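Got some structures for you, see below.
You will see subunit A twice below: alongside subunit B first, and alongside subunit C after that.
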Partner chain A sequence: MTTQTVAIIGGGPAGIEAAKGVAELGFKAILIEKRDRLGGTPDEQKYAALTPDLRDTQTALRELIAPIENHPNVEIMYNTLITDAEGALGDFTLKGVQLGKEVEIKAGAVIIATGFQHFDPGRETQKYGYYEFDDVITLTDAEKMLSEGKFVRPSNGEVPKRVCFIQCVGSRDRRLGNEYCSKVCCGISSKQSIEIKKLIPDCKVFIFYIDMRMYGYWENEIYWKAQEEYKVNYIKGIATEIVRKGDKLLVKGEDTTFRRPMEVEMDVVILAVGMEPSEGTKEMARIFGLKQNKYGFIETIGGPLDTVSTNVPGVFAAGACTGPADLEDSVSAGGLAAVKAMAALRKLEAVTA
Partner chain B sequence: MEFALDLSANKYADVPYEEKERLFNEMKSDERWPHVLYGCYECGICVASCPSARFYDFSPRIIAQAAAREDVDLLYTLMNDSVWDCSQCFSCDRCPRGNSPGQIITVMREVAVRNGLQSAKEALEGYGRIIYKIMSTGTQVSPDMLQPNAFPDWGGHVNEISEHLEVWRKALPPETLHTTETGWKVDEKTLIELYLIWHMTGVMDMIEQIDEGLYMILVDVMEERLEDAGYDVTFD
Partner chain C sequence: MARLNVEKDRIIEKEKVVVDGIELSREWNRMFEQRVIFDYDTSMLDKVTSIPGAESMGWCYQCGQCVPVCPVDTVGGEYGPRKIYRNLQYGIDLFESPDLWKCTTCMNCLRVCPKDVNMIDIMPAVRAEAVMEGQVPDELQEAFENTFEYGNPLGESPRKRADWTKEVSVEVPIMKEINRPVDVLWFVECYPAYHHRSKDATKALAEILVRLGVDFGILGVEEKCSCDSQRLAGEVGLFEEFAEHNIKTLKKYKFNKILTTDPHALNALRKEYPKYGGEFEVVHYTTFLAPLIDKIEWKKTLNYKVTFHDPCYLGRHNGEYDAPRKLIEALPGVEFVEMGRCREQSYCCGGGGGGMWLDGFMADHIKERLSENRIKEAVATGADVLVVCCPYEVSRFEDAVKSTGNEGKIIVRDIAELIKEAMG
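And now, the complex of A and B:
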């Protein structure tokens, strides 16, 4: 029955949790995923360990996915892209393409969980030389290496002796238009610094930052741990440019603590790239007529008290498609979206009965 | 503000890195180190509470941060040029991370003294007389140190007192204060114990590094008294 079906677009952590919520509460969930597997960005980008608890990503994702894989109330549509939608609360018709075949999906409510994409560090400026130097990489590039249990200089495969992170790349920058904080990068950099130190104990690891934003338990669980146990050097000051010096990288910045200009040689530089709305998020906003904020994220209408309702009744949004979000945010919002979607449909049923 | 403290990375470029590292390892291996140093947020609460920071280009935050980063070069600079500006009042013991910049400085100063750094010698130069007094007698300031010419700001009254010092002291009710060469009467047994403590805890070794003349005078005084008391102690 259409009024007891919720379509969820996006099979990442938020979408999986939303589908699980809907199914376990007794409605039918149709989970629509463009790839041929679930897990979203943490899976697609091959994250090594999750922040903040350093659990193995694949183990944690399997745990998240297992309850919906053979659930009688869940239908998972892989390789499916939504291209159009019509209807209103209680009666939506979604049109899409599944492996070249047109499909139509009927649902009473829709949850958008199409997530984010990482900032492209070459988008606006080449000051960090991401496309110029092999040893300038992003957090996601580093995750990929760490998930394979190694960390080396991409240019020559050698074990690095000095590694630094540059925070806020693509975030908190009026010039780039991304004025917001991407929320997770401080934690991920600190987490990766621990992983690097575990792999290479005598490697010097630096984090160049504007503010360290490690809220809640991330503070003591990752920030303090990295600084106190692993002696990661946190240096307040953002690099202005990277140049080549022999086979090393010369990072130029200010060490504001010690009030002096800083030029330090590094073997690997990791750019802590922030979050931007994914193409899928922007596309779903267009298809469903959802308001977007100036950065392109889907705007939820309830401020801090309702983080999943959109301007279109019956369409909800959860996770990083609404703005920078960590896993805790995404999974929490996924569950909330399931509740809100079902509540809207129950109310509708009560009125029409 | 003009900065008096030069924090440039090459301030002591002439000192081999290995030597700086050796001194750092001596700090780090001090058993107090992990209990007085965690990590630094750069919040500045220590500087805010620091009386020295009001008057000198001195920052307990910079010291804690350099220690947290294990910045060997900078710690060497600070050990030479900065730690002596601390008044060791421990007002900075309010760090949210649990650091004690004052105690980090205590450890750094002790390493500087033990290794006879020039800065330690200079910083302690003016204290030779007091060190001699306290280590040989167990009391720091004695009445006969109050020479009129040393304290002109005390006014004419000080002349009158110093002329009849013994009488004035005898006017004090406690008999133990009827002294002029020491702050109070120090028991022989106390002195022996003090000398043994200076010897056994390595204080005498520190003095030897800093001021050899003073060391020799103290050894003379101590050896004689210890021998009389039946202790066979040799200072090397």
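And now, the complex of A and C:
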């Protein structure tokens, strides 16, 4: 029955949790994923450990996915891309392509959970030389290495002695158009610094920051842990540019509390890249006619009190497709979107009856 | 751009270069390579935080709350845990730096620190390493040697430790002589026993105890320095040796509680001696007298306007703020005014944590003495008398009254002296 079916687009943490919520509350969930597996960005980008609890990503994702894999109320459509949609609350028709074949999906409500993509540090600005220096990498590059249980200088495979993170790359930047804080990078840098120190205890790790934004328990669970137990050095003031110095990188910036210029040699520099709306998010906004904010994220209409409803009745958005979000935010929003979608359909049923 | 042909191992990169007394620091060295303007050699931070007791030095997240309440920073000492952490992160060798000795362990930073960066544990732990290496300022070393040799930092004869008792009209029972249990064992401590000015309060207290009919005795020549300030200044070995001596001596006698004149002795006996098997009930004399003060019949009205300086080791370290105030308010005719920095927020006289023996050293690193800063605040209240209850303070503040040109405006008195004056 269409009015008891919710289509969920995007099989990351928000979408998985939304599908689980819908199914467990007794409606049918159709989970549509463009890749051939669930897990979203943490899986696709090969995250090592999750923030903040440092659990192994694959183990945690398997636990998240397990309840829906063989659930009678859940249908998972892999390798499926939504290309068009029509209809209204209670009667949506989604058109898509699955492995070259056209498919049609009918649902009473839709939850968009198409997430984000990492900022490309080579876009528009090259001040940190991401495409110039092999040893300048991003948080995602570091995650890939860490998930393989290693951390080396990409240029020569050697174990680094000095590593630094540069925070706020692609975030909090009017010139780039990304004025927002990406919310998770401070925590992820701190988490990675712990992972690096675990692998290479002698390595000196620095985090250059403007403000450390470690809200809630991230403060004591990651930031304090990194500083107090793993002796990570936090230094206020982010670097301006990176130049080559022999086979090292010379990171130039200002140490703001000493009010002196600093030039420090590093073996590896990790750019703490922020979040931008994914291509899928922008595409879904277009297909469903959803309002986007100036950054391209889907705009929810309830302010802080309703984080999942959109301007189109029956279409909800959850997770990082609505703006920078951590796992806690995404999963919470996924569950909320399930409830809101089903509530909308129940109300519709009551009126029609 | 043509590359200069330079032998790699002969490239010199220095921010400051002096050859034969001529400074050659210019930008010439940039010709060869990018120079390092500022770097982080965190080995010093790692060294300090690996010392047992000093781990929390690495916990600072630079909130800066400690600096405005640091009494040394207040007088231009460029100090506070936040700054020490930052210097360590930059690679400054704390063991070579005057910063190692500036802290008076007043505990005002720990009071406000959200991260529990504990200078009270850090300072003795780090200084102990310096003491073992023999890197101690001369005047402090002299106090250590005096203590070691004579049992007191003043270098006075140990045989004369009870000589002050001959200067009072009342009988002061000495445990070894009376050979009986007492209710209160009075641990007099060094400055109260020897110092020409601190002794006045000691003598007054003896008369007060007799007047109140307190059953008490002192250890006399058997007593040695409690060594708390030496411990905090890094002489941990000496402290342990003296603690064991004093505990052994105390255990020879029967008593109900220990009374201390000196808040530093109170701190040692109450908090440190139990670690060496010396578990006693220990009270400061102000705490002891407060509930008894109404029993005293006053003979004289003191027409003083007074203010009170909370000793760091009585207040912040041991939580006693009310007893001295109760005593002051009981004094007939006295008008009591508080200074702005009082109770938990009290300023420091500069004598704690070894500061008592570092005045010459400190003079090179601060713009005015801590005691001078405090005297100015006391004078500004309009008080005639600055009341104290720690034996370090009388002489420190009296010196500061003179050096700040406030003679004739304010005098310094121990609470015991004022009680004695009023009871006649």
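Everything that follows uses one rule, which is that the second predicted complex is superposed on the first by the 353 of 353 C-alpha atoms of A that agree within 3 Å, B and C clash if a C-alpha of one lies under 4 Å from a C-alpha of the other, contacts with A are read in each partner's own complex, and residues count from 1 in each chain.
Simple rule for what comes next: a contact is a pair of C-beta atoms (placed from the backbone, for glycine too) under 8 Å apart; a residue touches a chain by one contact, two chains touch by 3 or more.
Given the structure is predicted, the values throughout are model-derived calculations rather than measurements.
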item	value
Three-chain arrangement built on subunit A, subunit B and subunit C clash or fit	clash
Subunit B versus subunit C as contact partner of A:K294, first or second or both or neither	neither
Partner chain in contact with A:R55 - subunit B first, subunit C second, else both or neither	neither
Of subunit B and subunit C, the chain that contacts the larger number of subunit A residues	C
Which of subunit B and subunit C A:L250 touches, first, second, both or neither	second
Subunit B versus subunit C as contact partner of A:N233, first or second or both or neither	both
Contacts of A:K198 with subunit B and subunit C, given as first, second, both or neither	neither
First, second, both or neither for A:R259, with subunit B first and subunit C second	first
Footprint overlap on subunit A, comparing subunit B with subunit C	223-224, 227-228, 231, 233-236, 257-258, 260
Parts of subunit A lying in touch with subunit B, wherever the complex brings them together	223-224, 227-228, 231, 233-236, 257-260
Residues of subunit C touching subunit A in the complex	33-40, 42, 45-46, 49, 55, 58-59, 61-62, 86, 89-90, 115
Subunit A-facing residues of subunit B, complex	3, 7-9, 38-39, 42, 61-62, 65-66, 68-71, 74, 97
In the complex, subunit A residues that touch subunit C	204, 206, 212, 223-224, 227-228, 231, 233-236, 243, 245-246, 250, 255, 257-258, 260-265
